[in-house]
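Structures are listed in the sections that come next.
First subunit A sits with subunit B, and in the next complex the same chain sits with subunit C.
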Partner chain A sequence: MSNNSLQEIYGRKGRIVTDQDAREIGRVEELAYELKNRDVMSREVHTAAPQMSISDVLMMLRKHRISGAPVMDGEQLAGIISMEDIVRAMSENALSASVSAYMTRPVISAHDYDSIVKSLETFTKSGLGRLPVVDESGKLVGMVTKGDITRGILLALQKDYHDEELRRYRASHLFEDITSDRTSLILRYRIKPRDFVNGGQASSHIKRALLRLGAPPQLARQCGIAVYEAEINLIIHSTNGGILRVQIEPHRILMQTTDDGPGIPDVAQALTPGWSTASSEARAMGFGAGMGLVNIKRCVDKMELESTPGKGTKLLMEINLSAEEKFKGGAEHPEEPPV
Partner chain B sequence: MHLSEILRIADGTILTPSTFTDHEIRGGVGADLMSDVLAAARPDAVLLTGLCNPQVIRTAQMADVRAIIFLRGKQPMPEMVELAIQENIPLISSEHGMFELCGRLYRAGLRSFETNMNGDHE
Partner chain C sequence: MNLQTIIEQLELTPLTQPRDFRGIQPRGGYASDMLSCVMAGAQPGNIWITLQAHINVVAVASLREVSAVIITENAHPEPDVIARANEQGIILLSTPEPSYPIAGKLWEMGIW
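Here is the complex of A and B:
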């Protein structure tokens, strides 16, 4: 979409963009392509005839509170008569002149199947304020103004917002809506070795899922950091990658990584701050400072590292949720389960 | 301090115009080691870093970093810019080095949002 049309929507300059706007701008651009003229146009069109007098048209415009109308010669679109044309007629004392003498021609029209972005460009280029909308056969089916486009975008955004609210609402009530003695949600991700470019994607999904479930930002951050360090460890060290598994329950979050090698020869040493065996590739990515496990420990209530050289490594992390952090619903005192 | 003010002090260039929001930024963190960022950054900081790879964006997302400044004129790859736009994190490039820019921002009143090894806020 050209910058011009975005500027049309957001104003030329100076206005401070709010957080909400910034999130929506990307979506507005998308909508400018998604929405068609037929989605936003006014279908009820008041038309004028070429032989009508300027004063009659003026009365008609006033009556319907509009600022212009297409001029129809039978089925044919003959021109557009706007307030500007009428002012011109008035300055020439020609209120009784016929519309055909003052209307604007040739008519620039828009197709009902075109994206609104195209109409926005036409508005910018032509300086026009309204466009008649025609269908494939050239028949007049509506009118579109900048106001119609703004309204159309706002309505679509409102619908988006409502949908997201609904998704959040549904997700955050997951544990309330499902009755069982012990409900848990399990997320599993397969992590590829040495994939530094996509690394972190799983953790990113996990953090977003927690926020969507209604977790407080601080909790989502703690979990995010813990699983991210664990995911990076799989990418750096595991022979064949591994599995990252998160089990979300109303009262706690269990996170776990497992791999099938190479295993850690000295677990105590691995837990020493600053100890690292990371490759230069990992170091180039900003990791391998020997702080990963230390960071994880800081973020969780319980961490257990089990490893057998040649067999593999299992890292368990657990966060118990405080009364305020607990996900709504679920049993108050769930039995200690087999994991 | 607003992000626009930080941009001015850094003589910076915005690399992701669509994510630029003039947030109030209350503190800063400077690090090239991503584990240091994850360990030390308090939420809502601006991150100054000499490192330039996709994990910087991921780290920022995990640590709730509000904006990233790449030092010494480093230019992120298109994939990184795309990821930053997706995660709504503004990216800025500055010609200054770490010491210089930390000093400038600190002098202008931006606080440290680093937590030291005793767990205290600086």
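Here is the complex of A and C:
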């Protein structure tokens, strides 16, 4: 879409765009594609007839406080009459002339199912300020102006923010709102073997959960990487899949995977960077770099790998939160719990 | 250097839904087909160059918060991969060229 049209609407010209702004602009752009003309248009359309006089139309526009109207010849869209056309008529002393002599033709219209970005482009290219909106059969169903588009985007943004804020607000107060000697939140995910299609889903959900709980983005990323690698290990190696469990406490995050086989014969070797026993199927998809456990170690404060061949593997990962990272609320000095 | 310019100069084909690529400024890049290497080495905002077109590319791109993924050598992701990418706001771009010249061109454009 054209940058000009958005800048025109939002007046960001000359302002320094911060990261926060950039994210918001990104969402506005997305909405420009998501929202359709039918979502933002005015449905109550005041129309003029071709034989009406310019002065009658002027009165109608004033009465409804609008700056233009489509001209309907029966069911047919015959033209558009705007303030500009009326000014032209006035300068020619033709207030009693008929609308058909001064209206703008041919009519550029928009489809109700088109994205608003298309209308914004039409506004920029044509210099028009309003577009009649027609449905599939060509019937007039509304009018769309830049004002309607701005209002539509703002309403959608407000709804987005409201929904996400509400979720964040509810979640971020969890530890504050619940009083106990030791509050923890446990998330559990069942990971299926060889389920590459859903690989990374649990990690994405965990990362989002942490952000909603108010974790700093860097911490959420760190946990995301660690649990992703652990999740993928279960998918690649475990016989029957396993359980990914994340325990979130105000002062630390414990992550753990458990499975019931096949187990790792040589744990020290498994921890060597570049060592991998991934299948050729997994390698073809870009897994098996032998960096998974190495990556995990880099992201967490403590990692423990216990494995018994034939029995199964347990991987423990722990991140202790710094003073700034700690979730608000909860006991200051929780007793050391059994894991 | 914004993503729109990169798409035009490298003649990339967006596979995911259109948006205003001018608003996206990639910072640096990373080239690898090994997902764990990307998890370790890619930085948020990087352009990631790979010939993997598998669904896990989307998970890695999302967890690593890369600005876009360039899938090289015409490796074509399945429709469900593109759908997941759209869901998670990940930009997938396609090129018939191999990863090496693509990385070279990006470097010359000042993406490093």
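Following the convention adopted for this analysis, the second predicted complex is superposed on the first by the 182 of 339 C-alpha atoms of A that agree within 3 Å, B and C clash if a C-alpha of one lies under 4 Å from a C-alpha of the other, contacts with A are read in each partner's own complex, and residues count from 1 in each chain.
The definition used in the following text is that a contact is a pair of C-beta atoms (placed from the backbone, for glycine too) under 8 Å apart; a residue touches a chain by one contact, two chains touch by 3 or more.
These numbers come from a predicted model, not from an experiment.
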item: First, second, both or neither for A:Tyr228, with subunit B first and subunit C second; value: both
item: A:Gly292 touches, of subunit B and subunit C: first, second, both or neither?; value: both
item: Partner chain in contact with A:Ser119 - subunit B first, subunit C second, else both or neither; value: neither
item: Touching partner for A:Ser238 - first (subunit B), second (subunit C), both, neither; value: neither
item: Subunit B versus subunit C as contact partner of A:Glu30, first or second or both or neither; value: second
item: Where subunit A meets both subunit C and subunit B, residue numbers; value: 22, 25-26, 196-197, 199-201, 203-204, 207, 221, 224-225, 228-229, 232, 285-287, 289-292, 294-295, 298
item: Subunit A - residues contacting subunit B, complex; value: 16-19, 21-23, 25-26, 196-201, 203-204, 207, 217-218, 221, 224-225, 228-229, 232, 284-287, 289-292, 294-295, 298
item: Complex contacts: residues of subunit B adjacent to subunit A; value: 18-23, 32-36, 38-39, 43, 49, 51, 53-56, 58-59, 61-64, 79, 85, 87-88
item: Contact set on subunit A toward subunit C in their complex; value: 1, 3, 6, 22, 25-26, 29-30, 32-33, 196-197, 199-201, 203-204, 207, 221, 224-225, 228-229, 232, 285-292, 294-295, 298
item: For the subunit C and subunit A complex, residues of the former touching the latter; value: 17-20, 22-25, 33-37, 39-40, 44, 50, 52, 54-60, 62-65, 80, 88-89
